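One structure is given below, represented as structure tokens, and several questions about it will come after.
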Amino acid sequence: MMDREALNAFLDRAFPQVAGQIRVEDVGESLTARLIVAPQHLRPGGTVSGPSIFALADVAIYLAILSRIGEVALAVTTNASIDFMRKPDAGRDLLADCRILKLGKVLAVGECLIRSEGGVDPVARCSMTYSIPPKRP
Amino acid sequence: MMDREALNAFLDRAFPQVAGQIRVEDVGESLTARLIVAPQHLRPGGTVSGPSIFALADVAIYLAILSRIGEVALAVTTNASIDFMRKPDAGRDLLADCRILKLGKVLAVGECLIRSEGGVDPVARCSMTYSIPPKRP
Amino acid sequence: MMDREALNAFLDRAFPQVAGQIRVEDVGESLTARLIVAPQHLRPGGTVSGPSIFALADVAIYLAILSRIGEVALAVTTNASIDFMRKPDAGRDLLADCRILKLGKVLAVGECLIRSEGGVDPVARCSMTYSIPPKRP
Amino acid sequence: MMDREALNAFLDRAFPQVAGQIRVEDVGESLTARLIVAPQHLRPGGTVSGPSIFALADVAIYLAILSRIGEVALAVTTNASIDFMRKPDAGRDLLADCRILKLGKVLAVGECLIRSEGGVDPVARCSMTYSIPPKRP
């Protein structure tokens, strides 16, 4: 229902705080989003911080849901589970590959694998649940 | 390092309580295991119980790790996260498709999707972490 | 709304498969449930199995919810997160101390700490989310 | 081993990006940390963002571990599980009350409840696992 341009436009409008940092790269059956890594995302040692990885996963899976059901700006994250598995490569953007596992009337569940651009092994794995507000009649 | 026969033989020997219930179907880059659903796994209404789904995921991801590193009977589960997404089909076995995301010296992380045999949509998603005991010199 | 006797009676009626194994010990602001450990719960080495610990947590938090909202036999577990932290003491029952953190119209969230009877350090920590079906008019 | 002053000094030194935003309020058996909520933490509608809540939980539990074992700047988060349960109160700081559940040689597990200052009901629940690097001889 929403393509890459529509999702990025929504991101600029609804999440101004991350709009310059996260961009949708591709959307179809799955969705790939990029975190444009900048100094504000780094921890000492050059690692991308946990909260920055969380933000990427949260926004990416949320947008993957919107790509299927359209703008539901009030959907809220109710649960997140993350495994941090490897240190990201210094100086590279992160890419999140997401897929939606369930799209119910009340709950949606999605997951993503996050890797450094050009890398193969996943940096992190994340699954998230969103509560979808009832449609107004 | 361990093929399907070796894994099923290990299961019979090391986990006699689930040996007749869970079988490895396929193993390669990923591993597929089957829960042979029987009355003991059911909740009222014919649904496979949460603990039975948990047991399938735990054994299947554990065996996927063993298929790569050989018998490490002392590896222990340290964390599990599960999303239960749909009711399993009544009267059908469950299949868990697992992959290993990290195989470190200390921790291994794997995940699986569980579906009813013949079904497409996932019944549950599970990720698990295992602590690997240090090798004795 | 449901006291210890009512919860145990519900357990016998609605979950015949675990009724003889799990009992409510105390209920008030929090709820304590016991797993009467028997050979069927053990893994090699005398440890209580992960699925048995999962079953205790799931039933205990579910009953803690029922103690507040009454019989809602159709509430279903949608997410579970468990940390397994220590080996249970051999030959001792497990006790789960639960509390409800959220009791919404659509979702309920609870958590529990599980310890061996007579022990102090927790064996496992578990949080669970349940979807509550809409009330029929 | 580290008191409030030592933990806040460590935070300033090792995590300059969050130092002005998160402060340890109390430390003893448990630890309480405060997120000084500012515009950068907010989502449209005035809600504190998920990544900001994640950052508070991550730093707070990490500091609770350091308060027990001293400076281990290389400990890394390996797993996080969060339930977002209520909207934080607009215009109020968030407080995270943490406790350590396991402090092993290899892994530490802690959890926290997060609430709005002056509020009673929890905004979020979080459990985290950290991998502790081996001591150098």
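Order of writing sets the labels: A, B, C and D. Residues in every chain begin at 1.
Going forward, a residue touches a chain if its C-beta (ideal position, glycine included) is under 8 Å from a C-beta of that chain, and two chains touch if they have at least 3 such contacts.
Note that this is a predicted model, so its numbers are computed, not measured.
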Label-sorted list of chains bordering both chain B and chain D is A, C
Shared interface numbering between chain D and chain A [over half = same, under half = different]: same
Once you find the CA centre of chain A and the CA centre of chain B, what distance in Å lies between them? 28
Taking each chain's centre as its mean C-alpha position, how far apart are chain A and chain D in Å? 23
Where the CA atoms of chain A average out and where those of chain C average out, how many Å apart are those spots? 33
Counting only residues that touch at least two other chains, what does the list for chain A look like? 78-79, 81, 83, 85, 129
The answer for chain D against chain A in the complex is residues 14-15, 17, 40, 42-44, 49-52, 54-55, 58, 73, 76-85
Show which residues of chain B lie in contact with chain A when the two form their complex. 81, 83, 85-86, 101-102, 109, 111, 113, 121-122, 125, 127, 129
Would you pull the chain C residues touching chain A in the complex into a rising list? 78-79, 81, 106-107, 129, 131
